[in-house]
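In this document, chain identifiers A, B, C and D correspond to the written order of the chains, with residue numbering beginning at 1 in each.
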Amino acid sequence: MVCVAASELRDGDVVFVGIGLPSLACNLARATHAPNLQLIYESGTIGTRPTRIPLSIGDPALVTGTLMVAPMIDVFQLLLQRGHIDVGFLGAAQIDRCANINTTVVGSYATPKVRLPGSGGASEIAAHAKRILAVTTLDKRAFPAKVDFVTTPGRRVSRVITDKCIFDRDDASGELLLSALFPGVTVDAVRAQVGWDLKTLAIVQTVAPPPPDQLVALARLRNQ
Amino acid sequence: MVCVAASELRDGDVVFVGIGLPSLACNLARATHAPNLQLIYESGTIGTRPTRIPLSIGDPALVTGTLMVAPMIDVFQLLLQRGHIDVGFLGAAQIDRCANINTTVVGSYATPKVRLPGSGGASEIAAHAKRILAVTTLDKRAFPAKVDFVTTPGRRVSRVITDKCIFDRDDASGELLLSALFPGVTVDAVRAQVGWDLKTLAIVQTVAPPPPDQLVALARLRNQ
Amino acid sequence: MIEGEGKVRSMRDAVAAHVHDGDIVAIEGFTHLISFAAAHEIIRQGRRELTLCRLTPDLVADQMIAAGCISKLVFSWAGNPGAGSLHAFRRAIEQKERPLEIDEYSHFGMVARFAAGAAGLPFWPLRNYADTDLPRANPNIKSVMCPFTGDTLAAVPALCPDVTIVHAQRSDTEGNAQIWGVLGVQKEAAFAAERVIVVAEDIVDESIIRADPNRTVIPGLIVDAVVHEPWGAHPSYAQGFYDRDNEFYVAWEQISKDRTRLETYLDEFVRGVRDRSEYLAKHPGLRERLEADDRTCAGVNYGF
Amino acid sequence: MIEGEGKVRSMRDAVAAHVHDGDIVAIEGFTHLISFAAAHEIIRQGRRELTLCRLTPDLVADQMIAAGCISKLVFSWAGNPGAGSLHAFRRAIEQKERPLEIDEYSHFGMVARFAAGAAGLPFWPLRNYADTDLPRANPNIKSVMCPFTGDTLAAVPALCPDVTIVHAQRSDTEGNAQIWGVLGVQKEAAFAAERVIVVAEDIVDESIIRADPNRTVIPGLIVDAVVHEPWGAHPSYAQGFYDRDNEFYVAWEQISKDRTRLETYLDEFVRGVRDRSEYLAKHPGLRERLEADDRTCAGVNYGF
């Protein structure tokens, strides 16, 4: 999943990075095929080259040796809203048929079964990044037909990367379509984890296994 | 005029300072009766103690040894608009009966006889400082019944200090009234320089001559 | 001892003077420079019915909720950053363990609310929230039309706390405070407030501040009290001073899941100590584990 | 020689590539860090029909107006700061010596226009202009109603220059630029623009920038060209580098009053030189007269 996410990034992209898998994927891309990837963390660090896996979004390790630290108002206004971000990553507790994402509540808003953390910066990333990738593990509870709460709208999500497959959003129908499978995963196995009548692209690709240099670089990042 | 302007300032006031006479008056007050006067220059320096008479509003001499330098957006939003400025000084090419101030044009806006510099920060100082003092030399052309252009409205001006006298604005009528004369100046001499039927306060005071320590401090400032 | 000099007060006196029951309180710091020292003193003094404003409520909020200080939370992301959930918060919402009103935005929405408060504006416009459920959940998210283009933008109202507490690396005795590293919304939250408490790792001579005025983020003229509290942001980070006590952040998942363990924690480390120095005495070896490496930068020339 | 490395270009190439006839051009710097070097190159290359945006048009605008580059001025205070008038500007307005459209605000209005452009917003709200004649003189000053309080506020439209030119104390070859001292609206003007030229006193290694990232005001990702131009802000100031050449500011009053003297000045010091180094060769003794004293501050610790 990390390797697929990393491969989505092009050299020179300006990418808005969150903690966890996106941070790992971005640093993996930077260590391999995209040395000129510009990492911007929500906490305001620009051109960041962390020397450890950051503990949280405000980790001082993101600051030490970065090119610039902007106050948060500038992150949202001057970088995101002004249109300087090429790629944004979103996590998700739920993603539905139309790629709507929920990170707010499971159940009703007033009396939720599970209270999730909320939007954080997701709402503005979804509104302003030019290309939006969602990343989450494939799981029936995470892929309902309709999310309980639209934290970020599906309209601008272009691709959803999971640990089993990749979905692409079809602009015409607005639906997520299965576009690629990890080696050994079947269409039926994916359908069993998705809460709607999943359609596929005409040709469903197989995700190539990560090249050895990517795996070496990933191991190195994880041992930082 | 400088000494009178300086005497208007109270210890602990936060004062928004412009170049020229206001800067001199503020530094004079700080050197004498108001050591805790907080000087904020339009260029964003806060708690400033200039070591020379600044050449312009962005003079680096204002920065060296100041407490803080704020970007201009913060000067206008966080300091002025938020209401942190106690006293603002305004200069004027024209001031009229109702204390309206013109620093934009003499004549019509489209085809002016004299094109003046314009508002600069005067408009926002007049809108947001708690007490507003205008300072200009007394001269018939500078005191018409009605200004050619309202750069800043008279409504919030409390006092006008000239080289011959002091005017106070009467809240009820909105008119400038003569409140004090410099020694040796007569009411008629002032009336001759004012373009309307000037009224006076019931008692017109005489401005006390500057105390010797103020004059010594002023000489020292001028020789910096 | 510099307490009493200028605006320098003990945390006890600063909280007693400036944080009152029912107040709207902002304790900011974007996972960095979080004033746990102030939050603990607020808990010790038994404040009630506070509205807490914080982009990322974090452990500091979970503790204050568990201690019964908070009746309303204004926020944009409620979690244990990088380490789990805030279970006292979740129990309040999911099981209605105690009454807790919420007023929820995205980060940009919260930043915009502080920015409006700081700027003396009643609202702030932003391009956001189209097709999301947030405006339906929160009537405080409205819209405004651009008078030039006719575009419809989202609008959020100014947030003006009664008191904002910010942790800074250093301050002089008047509250002229310098912050570096992640800046978050420390400046906006401070300017938005009626009263400001600056908590600093170091209290320095005014000449240190004046030597590098572009580093100053909060001017003393808006500050009401200055508290000297080394390690006052522990277990969070302070750039140039100490790293996060990540063991504690990870441990919080289990502590906060269990109401009894949470109470025991508060009894021992918050209510059971008189002040920050007693808290620190209960955490031996912090310096050895967490003290920052020296990565001092060069200065710049302010001459003319 | 670092020209060609990264985004580093000669001033001639940067202006040729990024400043076109008819462009909206911002040359900012609040009496400090004004890129006279860029303005002179624009004059040399004979650009026409430019809209110049500047809070304080200053000598730099007077020279560009006299040289026939400017057809419109967007501004808030047009004078020779601390020293007199801009007579080429005044002749254009008072005597219609040449066509010059004006679009006039207060400083706050101009800052707000740049802020809106930088933020990707179509307008900016501000409390201002009540009972003044400015909105009557300028239909670009409108009003907007707060959706929460019903207050009526002034509104100004976003200003998005085609190109912004900022002078900085130092930059790396990618345009990551650090500025200290008076900041003016350098950041907002740069972010508001489609293209950005950074002109720097020093081109430094990226490691210098990375050693003190809170000092960076403009990130390279918005910068199109970097020009190395020591003394490039002369006769204005650059904190830590040189003082204002006040003799020249004072002399400008007489030079600009007299059309012939102004033309002679442009012929000799602007059109008569090939580049900035020739200009500087005509100003011997600058270092002796104007070089800044050393007031280098201490650094701070970025360790964790």
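Quick note on the criterion: a contact is a pair of C-beta atoms (placed from the backbone, for glycine too) under 8 Å apart; a residue touches a chain by one contact, two chains touch by 3 or more.
Nothing here was measured: the structure is a model prediction, and the numbers come from that model.
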{"item": "Joint neighbours of chain D and chain A, given as chain labels", "value": "C"}
{"item": "For chain B, the least number of touch steps when starting out from chain A", "value": "2"}
{"item": "Maximum centroid distance from chain A, chain identifier (CA atoms)", "value": "B"}
{"item": "Pair sharing more residue contacts (C-beta pairs) when B-D is set against B-C", "value": "B-D"}
{"item": "Whole-Å gap between the CA centroids of chain A and chain C", "value": "28"}
{"item": "Centre distance in Å when chain C and chain D are each reduced to the mean of their C-alpha atoms", "value": "37"}
{"item": "Whole-Å gap between the CA centroids of chain B and chain C", "value": "40"}
{"item": "Residue numbers of chain A (touch at least two other chains)", "value": "45, 59-60, 63-64, 69-70, 77, 81, 128"}
{"item": "Where chain C touches two or more other chains at once, by residue number", "value": "120-121, 126-127, 180-181, 183, 187, 211, 214, 237, 239-240, 243, 292, 295, 302-304"}
{"item": "All touching chain pairs, where touch follows the definition stated at the start", "value": "A-C, A-D, B-C, B-D, C-D"}
{"item": "Complex contact set, residues of chain B against chain C", "value": "14, 38, 45-47, 59-61, 63-70, 74, 77-78, 81-84, 128"}
{"item": "For the chain D and chain C complex, residues of the former touching the latter", "value": "120-123, 125-127, 142-149, 151, 153, 155, 157, 169, 178, 180-181, 183, 208, 211-212, 214-215, 237, 239-241, 243, 292-304"}
{"item": "Touching residues on chain B, where the partner in the complex is chain D", "value": "19-20, 42-45, 54-60, 62-64, 69-73, 76-77, 80-81, 104, 109, 111-115, 117-124, 127-128, 149-153, 155"}
{"item": "Residue ranges of chain C touching chain B (in the complex, touch as defined)", "value": "118-121, 176, 187, 191, 206, 209-211, 213-214, 216, 219-222, 302-304"}
{"item": "Complex interface listing, chain D residues touching chain B", "value": "29-32, 55-56, 75-79, 81-83, 89-90, 93-94, 96, 104-109, 111-112, 115, 126-134, 137, 180-185, 187-188, 237-240, 243-244, 246, 249, 292, 295"}
